[in-house]
Amino acid sequence: MTSTLTDDAMRALRTTSTATLTTLLFKHGLRNTFLQGVRLLGSGGAQMVGPAYTLRYIPAREDLDHIGVFQDHGHPQRKAVEDIPAGHVLVIDSRGDASAASAGSILVTRMMVRGVAGIVTDGGLRDSHEIAALAIPSYCQGPSAPTNLIKHHAADLNVPIGCGGVPVYPGDIMVGDAEGVVVIPRGIAEAVAHEGRAQTLFEDFVTEQVLAGRGIFGLYPPTDPATDGQFKAWCSAKHPAP
Amino acid sequence: MTSTLTDDAMRALRTTSTATLTTLLFKHGLRNTFLQGVRLLGSGGAQMVGPAYTLRYIPAREDLDHIGVFQDHGHPQRKAVEDIPAGHVLVIDSRGDASAASAGSILVTRMMVRGVAGIVTDGGLRDSHEIAALAIPSYCQGPSAPTNLIKHHAADLNVPIGCGGVPVYPGDIMVGDAEGVVVIPRGIAEAVAHEGRAQTLFEDFVTEQVLAGRGIFGLYPPTDPATDGQFKAWCSAKHPAP
Amino acid sequence: MTSTLTDDAMRALRTTSTATLTTLLFKHGLRNTFLQGVRLLGSGGAQMVGPAYTLRYIPAREDLDHIGVFQDHGHPQRKAVEDIPAGHVLVIDSRGDASAASAGSILVTRMMVRGVAGIVTDGGLRDSHEIAALAIPSYCQGPSAPTNLIKHHAADLNVPIGCGGVPVYPGDIMVGDAEGVVVIPRGIAEAVAHEGRAQTLFEDFVTEQVLAGRGIFGLYPPTDPATDGQFKAWCSAKHPAP
Amino acid sequence: MTSTLTDDAMRALRTTSTATLTTLLFKHGLRNTFLQGVRLLGSGGAQMVGPAYTLRYIPAREDLDHIGVFQDHGHPQRKAVEDIPAGHVLVIDSRGDASAASAGSILVTRMMVRGVAGIVTDGGLRDSHEIAALAIPSYCQGPSAPTNLIKHHAADLNVPIGCGGVPVYPGDIMVGDAEGVVVIPRGIAEAVAHEGRAQTLFEDFVTEQVLAGRGIFGLYPPTDPATDGQFKAWCSAKHPAP
Amino acid sequence: MTSTLTDDAMRALRTTSTATLTTLLFKHGLRNTFLQGVRLLGSGGAQMVGPAYTLRYIPAREDLDHIGVFQDHGHPQRKAVEDIPAGHVLVIDSRGDASAASAGSILVTRMMVRGVAGIVTDGGLRDSHEIAALAIPSYCQGPSAPTNLIKHHAADLNVPIGCGGVPVYPGDIMVGDAEGVVVIPRGIAEAVAHEGRAQTLFEDFVTEQVLAGRGIFGLYPPTDPATDGQFKAWCSAKHPAP
Amino acid sequence: MTSTLTDDAMRALRTTSTATLTTLLFKHGLRNTFLQGVRLLGSGGAQMVGPAYTLRYIPAREDLDHIGVFQDHGHPQRKAVEDIPAGHVLVIDSRGDASAASAGSILVTRMMVRGVAGIVTDGGLRDSHEIAALAIPSYCQGPSAPTNLIKHHAADLNVPIGCGGVPVYPGDIMVGDAEGVVVIPRGIAEAVAHEGRAQTLFEDFVTEQVLAGRGIFGLYPPTDPATDGQFKAWCSAKHPAP
C-alpha cells in the first residue's frame, strides 16, 4: 500500500489539472476515473495529491449505531483519523448518500494538524463552512448537518471501495483541484504524472496561441506539421538552455 | 456466522409476510429493514428464509475486470456460488446499480442445484426469464442483460454490506415473499419469528371479521375489550384442543 | 363535494380509456392530468370511476407516529376508511414516497366491503398481492412492506392535494384503467364523459379500418372528407335505428 | 442504410439472447449496448430482430405542438409509421421522458399490419394493454396515457439518436427479447450473429451439465481441458452427422 | 401557535450550529430534522431563528392558476406575505419541485421590511441574486426563474407540512445557518436551546485542543476522566467569576 | 436563421431578468422556457443575449469516439467553434448528462476571441474555473473533468434540440443572467423584448415602494386604481421630458 511515487511525479501532479488527467487516463483505456458529484468545499488553494486511505460505510442500524459508539477507540471512523499516515488522502465510501454527514470539522481539523493531504467523501460534510476555511482540501457531495450515525455505520478500513461511482484501491493516487477529484491507479501513476507535465505545457502553449487569435485547426490537436516546431520554439524561449 | 434458528422459528418465518415482519421490527426499534427497490423475479412459490451469505461489488475498472477473470477459481462471485452453504441466501451489494447484471442463469441454476435458499441483489439479473422459472427465489432491481464485468468488480465475501439501502450482516436472517425482502438481525430473529406467527394468526382473524362486514374500530387494533375474547374463541374453534 | 355526474356520464367513463381522456383534457387546455408513476395492482377488472375523497400525508416524526396512534378513532387514515362514501375513490398524497406503505390489505378489504370505488396512492401498498386479488381497483407506485408510521403522518382529510404530480380536489372524478389514473375536474366531467364516448367510438372504427389494411393518412385524423361518411355508415351498421 | 444481414445471421440472432449478445459486444470492445430502462410490453413471443429506423423527439412547445399537427402528412411521427420499411424496427429517442406517450395502439397496429419488426422507445406507450396483445414486439419505459403532444415534438427521421442511453445509428441491428433490447453496430452484426449461435450452443451444454450436478469450475469458463471434448461430443450427439 | 421561547433560548439558538442541533435532536430520538436539499442564498449573516408560519403548495392547474389570481388579496401566497408575524419564518411546502419559483424578490423584500425572520422553501426562488443581497436569510433548493403559477397552486396557510422531507408544524422553531435549516419541535425547543449552548462551548474547547495538537481519543467524546476537569478550567479561564 | 432583432430590442433584453422574461412568455402561452439545471460559471458580468447556434450530442460509442476524431476539421464540435457567427450563443444538447464535459477552456477561449455571445450546455464543462474567469458567459450543469469522448458523440449542427428540457430552435433568442437561461422563440422575441423593458421599469417602481414600507395589495399587481398614476408620476420624475 506504500506509494512509491517519486518527488518529481508528485510535483508534476500538483500542477496538472484533473481535466488533463482524465484525458490521459482515457488514453490508458480508463474511462471512469473522475468522482461524480463530489466537489471542493471552499475556494481551494494548493492542489490535493496523495495515496488513498479508505474508510467504508454501510447503512446504519438503530441498535448498533447509537451515540455511545464513539467511546470505542477502535471505531473505524475515529481510528482512521488517528491512523491515516501524513500525506495520505482519506477516501470515504458513503454510498453517495449525503443526507447525513460523513465527518465534521473537529475530525477534519485533527487530520489537518496530523498532516493528512485531504479528505474525500461521496456523502456530506457537516460544519462545512468551518471545514472550507481549513488548510486541508475537503471534497464532498455537499454540506449536511446530521451526524453520520443517522445514516452510516463505519464498517472497515483500507479495503477497495467505490466513491462517486469510481473504484478506489488503497494506495491509488488521488488528485484534486477546483473541478473535482480523479483517481490514478498506483501502477501507472508515475507514468501519468510525467505525461501530465508534458500535456500541461502543450496546453499552456495552445491557450497562448488562441488568445493571440489563432484558430484551433492544426493547432489543437497539432495536425499542422508546423505546430510542433512552434511549440518547441516556445518551450525553448520559456526555458532557455543555459 | 452459523444461524442458530430453531426449526420452529424457520417454519414460523415461512408463513409470516414481510409486511408483518417490518411492523414487528419497527416495534423492536428498527425502521430500515425492507430492501428498497428489490423485487421477486417470477410469481414465486415457497417463501424464502435463510441466513445471509454476502458478496460485495465495487465499480469495475477496465484493466482489472476483463473477460479472463472468471478463469480464476478464487474470483469472489464464482467462489460464492460454490462455497455458500445450502440453506443460505446469497445477498449481493451492487450499489443499487442495475445497468449491468449481478449474475445470470447458469450461476443461479448451480446455486439451486446446491440447495441455496435464494439470491438477492440490488442490481440486475440477466437471463431473468430463465431465472424466474427456476425453483429458487431470486430478487433484483430488474432484468439487465449486460455482463457484470461492465460495471461491477467482485471485491470480497461475507463482510457486512448494504443492499437496497439496508445493512446486511452475514448470518442475518433474510425473509422474502411476493412483496420483497426483509432483513432480521440474527440476535432477535428467533423472537421475531414467534411474534410473527402470533401476529399472522391475529390478522387472519381480523381479515375474516372484516370480510364479514365488521368495521375496523375496536378490532384493528383490538381496543374493544371484547375483541380479545372473540379472537381466542376463533383460535380455539380453528385449532380445538384434543 | 357531492358529485352530480349523471348515470349516463358514469357509464361513458367506464368505457373510455385514460389515454382518450388525457387527449380530451388536453383539448380543454389541461396538460397535467395523468398521475405519474402510479399503476394498478393485479390485472384489473372493471374500470374505476368515482369522485375523489382525499387523505394527506406529511413526513412522520418519531415522537408523534408511534404504534399507538391507531387506537385513536380520529386518526385520519382510519377515519378515512370508515367515513369515505361508497362509490368514492380514496386518493392519498404520499409525496411520491413508496419506501413505506400508505395502507395494507385489511384497510383495503374494509373499503371493498363498504363499496368504495377504488384506492389511489403515489406511495406504496403493503400486502400488495392480497390487495391485487381483491375486487377493488388499487393503484400505487409499487409494493412496499413497511408500515406507514415509518415514513408518513396522516395529516388531514378532504383538502386539495397533489398525487403523482397532479392536483386532485375533493370531488374531482378519478378514472382508472389498466394504464393508470386520470383526474377530471368535476366542473367539466360531464362534458368530458360524453366526448369520451364519441371519441372511443371513432377510435374503434379507426382500429377496425387499420386492421383491414387502411393507412392512417386521411383517416386518423379524418382529414379525408370521405372518412366522416364512412364513420357514420359504420355507426349505423353497428347500431341500426329501429 | 440497407441492412445486408444474411438470412443465416437473422436466424442466428432470433435465437441468441440479449444477455449473450452484450457479452459478445463487450468482447468487441463495446460496453454500452443494452438500452437502459426499456422493457417489453406483454409477455412477448418471437424475438425482435431488424435494422433501426429512427425518429427523434425534442421537447414540445405549446404554439407548435397543438392537436392540429397530425393533419400534416409530413409530420415525422405519422410519416415514420407509413414510411418505415417492413422488417425494420422503429426506434424513438424520447429523451427518456415517459411522462407522455411516444405513440399509441392505432399507430402500432398500423405498423404491425405493414410488417414492421418492432417498436422501441425510451419514453412511454399509451393504450399499452392493447399494444401488449398485438403481434409486434413493443418496448418502452412504461405505460403512459398522455398524448405525445404534451411533452414531445417530432423533429426528424433517420438521424443518429440516443435511446435508453445508447447510441443508435439508422441501420444498426436491433435485437429484443424478454429481457430488453440490444443494439449491434451494422458493421459487426454478421460476425456477432455467428458468434451468438456458437455461444448459445455452449451455454445450453453448460446448463445441462449444471442441472446434472456439475460444478462451474473448469466448465464455465471451460478451463478444464476435458470440457472442450465433452462439449464437442455433446454437439455431435445432438446433431449427429449423417 | 405562539412560540413561548425565552429570550435566553433565542440567544442560545442564534449561536448554535445546525450540525450541533441535529446531534442533540438525535439524542432526543429524532433523526429526520434537517431539511434535505435546501440551502442559503448568498453568504449569509446573522443566524435565522424563529417559529414556522407555513404555506402549502399543490401542483398547478391551467384553468385555476392564471396570471389573474394575484388580484385576490386572499390568495394564500400574498396573504402569507402580509399576515406572517414579525420574527416568524415563512416555510413553504413546494413538494421539492424547483422547476418554478416559490416566490421572488418583491415578496421577500416586503417580508424583510415587515421584520420576518426568514424564508424557507424546498422549491426555487426567482430574482435569487437580488434576494441573496437582502438582509433576510432565504433558503431554497436553487435559483429558478419561472413564476410559481407554472407549477404551484397556493392551497392553504398554517397547516402541518413537509419541507425538504421533514415534517414542519406551525410554531416549530426553525434554525438556519450557512449549512442549512433544522426544525425543532416547539415542545422541546427551550431544552434543546440550552443543551445547544453547553455543547457549543464544549466543542469550542475541543477544537482549541485539537488545533494545539491533542488527539481525539479521550477528548472527543471525553472518555478520559481528566478531560472534564480541563474543560471546566478552560471555561473558568474564559469566563472568570467576579 | 439570421436573427432580425433590432438593436433596441437587444438593449432591452440586456436589462431584463430571466425571471421577468419567463412571466412574459407565460402570458404568451409558453410555460417551458427556462433551462432546468443549467447555471452560470463564475459570478458573471454583462447579460448574455444572442441567437442560438446548436450542437447535438448523442451517446458515445467506443469504436467511433476515440482520441483521433479531433484531427477531422469536420468534427461537429470543432466545426461549431470555428463556424458559429459572432454574437451567437452556442447551445449544446448533452442529454442532461454532466458525467463528462461538453467542452473545455481552450475551445471556450477560442469562441470568446471570435466574439461569440455565450455557451450553454445541459452537460458539464471542464477547466471550469478557467472558463469562469473568461469574458464570455458560460452555462452548464456543473464542472466535469472527463473529456466529452467518454460519453458524447457530436452528431450534427443547427438542428432543433432540447437543452435543459426546453426546445431550442436555431435562431431562437437565448438570454442568460445570474439566475439561468431562458429561450425566446424568434418570432416573438422583438415583442417580448419591449414588454420586458416596460415590466422591468414597473418592478423597479414596485421595489422602491416596498422598500419605503408600502404593502403589496393594490400595488403588485396594481389593482388599486391610484397605483397606475403613481407609477406614471414616478416614471416622469425619473425621466423628465425636456
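The first chain written gets the first letter, and so on, giving A, B, C, D, E and F; residue counts start at 1 in each chain.
Heads up, the rule we're going with is that contacts are C-beta pairs under 8 Å (C-beta built on N, C-alpha and C of every residue); 3 or more make two chains touch, one makes a residue touch a chain.
The model shown is predicted, which means the values in this text are computed figures rather than measured ones.
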Which chains, if any, touch subunit B and subunit F both? A, D
What are the mutual neighbours of subunit E and subunit F in this structure? A
Under the over-half criterion for shared residue numbers, do copies subunit B and subunit D use the same patch or different patches to meet? different
Where the centre means the average of the CA atoms, what chain is farthest from subunit B? F
Where the CA atoms of subunit A average out and where those of subunit F average out, how many Å apart are those spots? 32
Distance between subunit D and subunit E based on Cα centroids, please, to the nearest Å. 51
Among the residues of subunit C, pick out those that touch two or more other chains and give their numbers. 31
Set of all touching chain pairs, with the criterion as stated earlier: A-B, A-E, A-F, B-C, B-D, C-D, C-E, D-F, E-F
For subunit A, which residues count as touching subunit E in their complex? 67, 70-71, 73, 78, 81-82, 99, 101, 104-107, 109-110, 113, 126-129, 142-147, 149-150
Footprint of subunit D on subunit C - complex, ascending: 17-19, 21-23, 26-27, 31, 33-34, 36, 39, 177-180, 182, 203, 206-207, 210-211, 213, 215-217, 220-221, 223
Help me check something: in the complex, which residues belonging to subunit C touch subunit E? 29-32, 58-64, 95, 153, 155-156, 159-162, 165-167, 185
